[in-house]
Amino acid sequence: MPLSYTIAVIAIPLIMFLFLGLSGVKMGKKTTGIIGVIAMLITTILAYGVALTYFFGSSEGQIVDGVRKAVTVFNPDWLTFSDTLVVRMGIMLDPIAAMMLIVITTVSLMVHLYSLGYMCDHHGNAEKGFQRYYAFLALFTFSMLGLVVATNLFQIFIFFEMVGVSSYLLIGFYYTTPAANHANKKAFIVTRLADLFFLIGILILSFYTQTFDFFSNNVNGIIGMLDDPQASLAQAGTTTFMGCSAMAWALTFIFIGGAGKSAMYPLHIWLPDAMEGPTPVSALIHAATMVVAGVFLVARLFPMYVLVQGTMDIICVVGAFTAFYAAAIACVQSDIKRALAFSTISQIAFMMTSLAVSSADGQLIEIHGGYGLGFMASMFHLFTHAMFKALLFLCAGAIIHAVHSNENDKMHGLHKYMPITSIAFLIGCLAIAGIPPFAGFWSKDEILVAAYEKGIGWGIWMTMVAGMTAFYMFRIYFLIFHWKKHEVHTEHEPADQPWTMTLPLIILAAISIVAGFVPAAKLVTWDGTPLHTQLNWTIAGTSVLIACIGIGLAYKMYYKENDLPERMANSCRGLWTAAYKRFYMDELYQFITHKVIFQGICKPIAKFDRAIIDGFFNMLAEVTNRTSFGIRKMQSGSIQGYVYFYLIGVLLLAVITMACVLL
Amino acid sequence: MESLGNIIMYFVIALAIIVFSVLTVTTRKILRSATYLLFTLFATAALYFQLDYAFLGAVQIAVYAGGIVVLFVFSILLTQKPGEDAAPLSSHRKWLGIITAVAGVAVCGCAVFSYAQFCGQLMPDMAAPSIENIGKFLLSTDKLGYLLPFEAVSVLLLACIIGGVVIARRR
Amino acid sequence: MDYSQFLMMPQEIGLLIVFLLVFIYDTFMPARAQRFLPIFTTILFAIYTAFSFIPCQMGELFGGMMETNPATWVMKCILNIGVFIVFLQAIKWTNEDFVSVRRGEFYELILLTLFGMFLMISSRHFLLFVIGLETASLPIAALTAFEKRHYESHEAAAKYIFTAIFSSAIFMLGISFVYGMSGSLYFNDIANALSLISSKSILLFVAVAFVIAGVGFKLSLVPFHQWTADVYQGAPTAVTSYLSVISKGAAAFAFLIILVQVFGSAYHQVWEWMLYAIIILTITIGNLFAIRQHNLKRFLAFSSISQAGYIMLGVIAASTVGMASMIYYILVYIFSNLAAFGVIAAIERQTGKVTMDDYNGLFKTNPWMAFTMMLAMFSLGGIPPFAGFFSKFFIFVGAASTGSVAIYVLVFIALVNTIISLYYYLLVVKAMFIRQDECAIPYIDSHWTEELGMTISVMGIIAVGIASNVYTFMSQISDSVIHIFHLI
Amino acid sequence: MNLTLLMYLIPSLIMFGCGVYGFLTRKNMIAIMISLELMLNSIDINFVVFNRYLFPGQMEGMFFTLFAIAIAAAETALALAIIINVFRIAKDVDINKINKLKF
Amino acid sequence: MEIFNNILIYFVIVPLLTILGLAFCSNRGIGAVRAVAVAGATVLMALAGYLVYLFLQARGAGDTSEMILCSEVTWYAPLNIKLALGVDGVSVVMILLSAFIVFAGVFASWKMDPLPKQFFLWFFLLSTGVFGFFISIDLFTMFMFYEVALIPMYLLIGVWGSGNKNYSAMKLTLMLMGGSAFLMLGIIGIYFHSSADGQWTMNILEIAKNDAIPHSWQMWLFPLTFIGFGVLGAMFPFHTWSPDGHASAPTAVSMLHAGVLMKLGGYGCFRIAIYLMPFAANELGWIFLTLTGISIVYGAFSACVQTDLKYINAYSSVSHCGMVLFAVLMFNTTAMTGAVLQMLSHGLMTALFFALIGMIYGRTHTRDIRDMGGLMHIMPYLGVGYVLAGLASLGLPGLSGFVAEMTIFVGSYMHTDIFHRVLTIAATCSIVITAVYILRVVAKLLFGDVQNEHHRELTDASWEERLSTATLIIAVAIIGCFPNFFVNIISDSFLPIVGALENAAHAAGVM
């Protein structure tokens, strides 16, 4: 299949968005859904075709000297800033782009399909806004695909915004509920803040490189430039601002942009709230695809990041901390979607850390085939995580659809009622916990290896977090499906959902099982050179062991109803509450935004505007009026007064002019 | 060097002008004010005579003294009840008036003084202001002829007459 | 004795002929024919105005005592147009019961004062100028006292006559000083003589100040302006409109001639600074007082004070551009102000209402009146595309053509003042268009002559700006009298 | 001793000053008019004196005075007419009473 | 006359004819008034389209002259004032923008009451001024049309406005007139230094070619001119007319005012202030740059706390228009192109905003966002429109705001001076604040629960409202999706200006 079919992959969702958005209202709800699914199916097939062609076909000469090169399929100018700075809207395929195509289309298709069932009530009637929902899904899919195939940094930025908006629209799908209303706003603004840094980063970078392109046919792109010491980028490396090179600033800012989308601490606060959206949306956007855009961004610019050790260290610290932090919070959440969201944060932090550690050029490079291991591991984890996290979310969706609640105390003991879901969820849990042979094991293992390469401390830390992952995931699992007998709260018993919802679960579960065997190391590497990895059994064994301990702990605490969790919570109530309240980060933000910015900056500025600036102009008018009133007595009405005025006037005129001219 | 008679005459006239002017504006009886004005005008006429402008002096007496002052007296009698004095001035008003008047005189005086201090005597070669000359110039259309103003002032007087009619009409 | 020189002043002579005919009509026609006196006069005047446009032989008359040149000619034509509009607007009013007895005098006095103004414009001799000035101002007192029923009319007349005489005394004192220094009353001779005198002569400053005061009084420049508001308010509206535009226009032109031709030779800097201060004061104080006025006539009085300040910008430039702009400004000002007074007169005649609050909601009841008034206000405020904008722009250009920074500052102050002036002009517009009133002035059935007057004014407001020929013509005119500026 | 120009101008100026003072202080309108006459008269003296002393070769100052007298007469006549008119309405010639139009 | 062969003059004649036509309409029937207004607006739109075509054709044919379609007719010969017409790319797109907004504005004021005839009369007089301004290249006529455009605002707001309209109308008029007072002085000053040999001219091209304004004069004529236009461009601290004025203005007037009239300010700033006085622009640019930088952030912050929809948009306009001036002062083609894009973008989306606000207000009779909520549910068309406008405003790619802002930021950051770049970064912060206030409004107004039960009975947009908003939305999207079309038209127009600036900087450096 020719790679140029990628255009269709991008175009179909866009067309679907316009089509469904403009004329969806006129059509039946189900019709729109079905059209959407079919279109998505076509997209998926095309995407698979293209990706596989890219990875395995060699006819188009994209493999040069054993190195898989990026292929630019299509690259028209979109916006000309200057002779050199041109924003193009192109399509470029390279390993990670191709991989992302698969990830996005797969999950998106699953979600499209799943939503057919999910977005209906129990009588099979589609919800209000069904058409809108599908249109937005198509929009998101388009944006995300556009993002990953971007040929230049600015295009990434553009689609960053686009996915942000899609996310905003979808989180706010139930716009009448205050929580969703609040959440989408928050999500957008936080990511917008991050995008601001991204933008600044782009500005700084492009100032030196004079191009946005990663690779370019005629001139070197940003990445291509690295090989050329004469390139102006070298200047960016030496120009310093506040002690750091311009390039370090630029890359750090760009990372912040990515961190916002990928919910790194402290910009993570929007993600848990984003769970107010429909659950399939959470699966698609806030678990599998959009949130990894940040990781993707860093990976995209990875060849530059590796040059700036300081930035990599920052990323590393942020990632490692976020991983732990989110995992800790996930351990105590009672809302399953929130717990999953924190799990997502933690996992993305894994990927981020993995990217960051891969710059370490320790002695293991020889063995593991270069410092791209972390990169590869990260991308691999991105892939597997997308699958199993989507699975988990969709399962959660099925459960929520069945019990009409997000709180796990409304669930318990659902295993009996929803066996398929239960099994699928279990597979997801095993995958994320890193139990072989499930997908997560393979990717997480590589990450840990990379982390150990960076330093033993990083490795231990990440392993510990992996253990926590196993614990909290199984905590959730047990609390949902076991713990105690289910009390039916609604008029009908919870049960497995219709096939439209179950089928995606099954497919994703299957992928989660086998995805680990994808030869990612061969295919997805930073420079296109295949890596030769082998399982490091010491590290793998340790992590599996730790995961098992985590699972065991969870089993002990949550399999059967008991008071152990309660007692443990009581024993360190402060910590527990802090974790439950997400370490008060939201309150902190609330304080900063409302008290500091809103009350402390906006209000005073608005007051200043009205009182001082506006007041000044009003004062001019007032002064004029007052003066006018004050001098009215001059016109006294008396003839002698007039003449007096006249005479004094003429004398003064003479005397003053005389004085001025003569002196 | 002037003749002594001229000098004495000058001082008499100057004194009369100054004294009667002051009296004109300070007396509280309005009819007396008009009388003092008459004296001032006479003194002025005398001054014209002294400066050899006999015709002008005559006109001054005829028009001013004979016409205008009579007009004043008529108006005063029309508007004033007999024996009514003006109320004494408030000192505030008086001083304001004095200061302004003095300031005005001072400014003009300084200016005139700075200009005229070097101008000495009468120059002898005076164009004789004889009636003949005056008549000739008054009706001449050439330079220094005053036919046009003569006609124009007649229009002015006509206008004032019509204006007077307008004002005087009852309705 | 060359009496044929009288033929070289056809406009003045024509005016006197009109006057005589009116006078004869007034005196000798039977009472029932008196009703047609206004229309007779107006038609007669229209014919005269039309003829006055015919250029005549121009040059110095009476040994340089008087001069007719294209500038004076065009100025007189402009005044004629203005007076014609005033006559049109006054026809209905003069046939009212209370006025009809004196209507003949009204027209006669107006014609005679106009004659005085012509003398002011054309004279090149101070005696003739004084006579012209007095002819132009004394009968106005009688006109002001025209509205016998109203006490205000008498008070205004008294105020006017006293300040006028005082002012003329000051003026003549100034002339006496000038005479003392130069030994002549002919403008050209004075200019020549003064050029020999040290420019530091104190007497000269005093003399110039007094002369400025004397003419400034007629122009109602601050601080010689205070009679203006009272007289405008007290006088009958027809007289007010006459006073505010015609008298002011003539005085402004005469002012320019005196300053440029007499004192311009050596003492430009002397009067320039005086005028500088006067302009600032005039514009600012006129505006500040106008803000608070509710009586429209009084309001327009202060507005006209401030307008006089703008007119003076053309004088201070003392250049052909300035002169052209000034004449142009006067023309535009005549149209604008007469449009406003036309509306005020028509409304006052029928309802007796003259305050701004009375005009609330006027647009609903009398759209065309309101429209006319609005155009007048916009034109006075200098809003394009109405003529006032052009005249204001050109007068600023004229002033700035001197190029000195101080004049730029002056222009800036004037510009800032246009904002204030716009404020109060808009107040009138607001009253008419925006404010609503239950008891708004009912529909005014205005007489066709009034309508004709307003129409001419409105057409003037619209056309004079767009049709650039007018300004071009003025420019040519002032270029043709360039010799008076060369004296500077 | 010579009779200089200044010696004639000073009485004239004093007369003018008196006129100004009278104008500014008198309450009776006719008295004010009388003060104005003083002012006008002093100007006439100025013209004559300047003519006589400085420019005796011609008679411009004299003629100005001649006409100024006529003008003054006209002014006075008109002013008195108005004063009497005001008196007829207000029954008073106090100038302080005629200040209804103001501000 | 030969000038009537020039298509440009018809941009003034058509509105004038429309005014004439309206004047002959009966006062009673609104049908004829509407017909004439729509006809006028449509013809203008067609003319604008044709003009774009002509422009592209000329440029395509290799006509690289600075202005095309130039023609002039002497007006005031003594002062060398001409009615000089000519357009470059910027004028062309501004004319197009104006035509769009006039078109949309006519439909937005479809149900104008009372006095529809008079409303449209003033409305078209305003647009006459706007078009006249853009087609002129003579200082005098530009200034004249500028003022023609300003004054109808007073009556439009005063008569048809709402709220504290008297105060607002007066304040707006006086402040803008204050600006034009500065401007007039500046123009007069330029005029008297327009040529070294005393052949004074008002023609911009000639003045620029003569380049004769002495530096010392530039140093104070530039601020005068810039402030003069800056007042209309809502530059801090001269922006305070904007919130009150917009809040009180009727819908179509707000549209036209924010949409087009405020652009006159930005347009004038570079066409007159910067182009004619490049030396002073280089010297003093930083002062105004700081002010405009403040505008951007300040306006955005102020908008965050407003509760009146129109106030929010007015402050948002302050921020966005600040960006226009900010970019203009960056003195490079990219940023200036961005400025024009921003003018287009802001013009369209603000017009859209005001149209929608007017429509919402017409239904709910309140503009206070605290009194409204959940309107998306009730009037989905308007809601979607509002969201789109909001997204355009906060810079969503695919809509015009993004293109404009990014061009500005990238262009501004190209500046070699570190001060300019730091300011640029400060200015970029506005994109977050913009998001905050836009989303705040959207959340409060459209989403959430219905606050007022009476609102449930309200209807969605009628056809003319749909037409009005759809026109604008499509325009916003077209700019957003195909920016290069516009960039190509615009960017060459700045070469002379940037060239003049560089020459001036170079000359100053040499001396």
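Descriptive notes on the structure:
Here the chain labels run A, B, C, D and E in written order, and each chain numbers its own residues starting at 1.
The working rule: a residue touches a chain if its C-beta (ideal position, glycine included) is under 8 Å from a C-beta of that chain, and two chains touch if they have at least 3 such contacts.
Not measured: the values here are computed from a predicted model.
When the partners of subunit C are compared with those of subunit E, the chains appearing in both lists are A. Separation of subunit B from subunit E in touch steps, taking the shortest path, is 2. Set against the Cα centre of subunit E, the chain with the most distant centre is B. Highest inter-chain contact count (C-beta pairs) belongs to B-D. Centrality annotation: E (chain centre taken as mean Cα position, compared with the mean over all protein Cα atoms). When you average the Cα atoms of each chain and compare centres, the chain farthest from subunit C turns out to be A.
Averaged C-alpha coordinates put the centre of subunit A at 37 Å from the centre of subunit E.
Measuring from the averaged C-alpha position of subunit B to that of subunit C gives a distance of 32 Å. Measuring from the averaged C-alpha position of subunit D to that of subunit E gives a distance of 64 Å. Spacing of subunit A relative to subunit B, judged by their CA centroids, is 102 angstrom.
Across the assembly, subunit D contributes 16, 19-20, 23-25, 32-33, 54, 58, 60, 63, 67, 71, 74-75, 78, 82-83, 85, 98-103 as residues in contact with two or more other chains. Residues of subunit A in contact with at least two other chains: 621, 632, 635, 637, 639, 643-644, 647-648, 651, 654.
For subunit C, residues that reach two or more other chains under the stated contact definition are 127, 131, 134, 138-139, 141-142, 145, 157-159, 162, 166, 173, 177, 180, 202, 205-206, 229-230, 292, 423.
Listed by label, the pairs of touching chains are A-B, A-C, A-D, A-E, B-C, B-D, C-D, C-E. In the complex of the two chains, the subunit B residues touching subunit D come out as 1-2, 6-7, 10, 13-14, 17-18, 21-22, 24-25, 30, 33-34, 37, 40-41, 44, 47-48, 51-53, 56, 59-60, 63-64, 67-68, 71-72, 75-76, 78-80, 86-87, 89, 93-94, 96-98, 100-102, 104-105, 108-109, 112-113, 116-117, 119-127, 129, 133-134, 137-138, 144, 146, 149, 153, 156-157, 160, 163-164, 167-168.
Here subunit A touches subunit D in the complex through residues 632-633, 635-640, 643-644, 647, going by the rule given at the top. Those residues of subunit E that touch subunit C in the shared complex are 75-79, 81, 140, 143-145, 147-148, 151, 154-155, 158-159, 165-166, 169-170, 173-174, 177-178, 181-182, 184-185, 188-189, 191-192.
Remark: subunit A residues 621, 624-625, 627-629, 631-632, 634-635, 637, 639, 641-643, 645-651, 653-654, 656-658, 660-662 touch subunit C in the complex.
Contacts from subunit D toward subunit B in the complex involve residues 1-22, 24-28, 30-31, 33-35, 37-38, 41, 44-45, 48-49, 52-54, 56-60, 62-63, 65-67, 69-78, 80-85, 87, 93.
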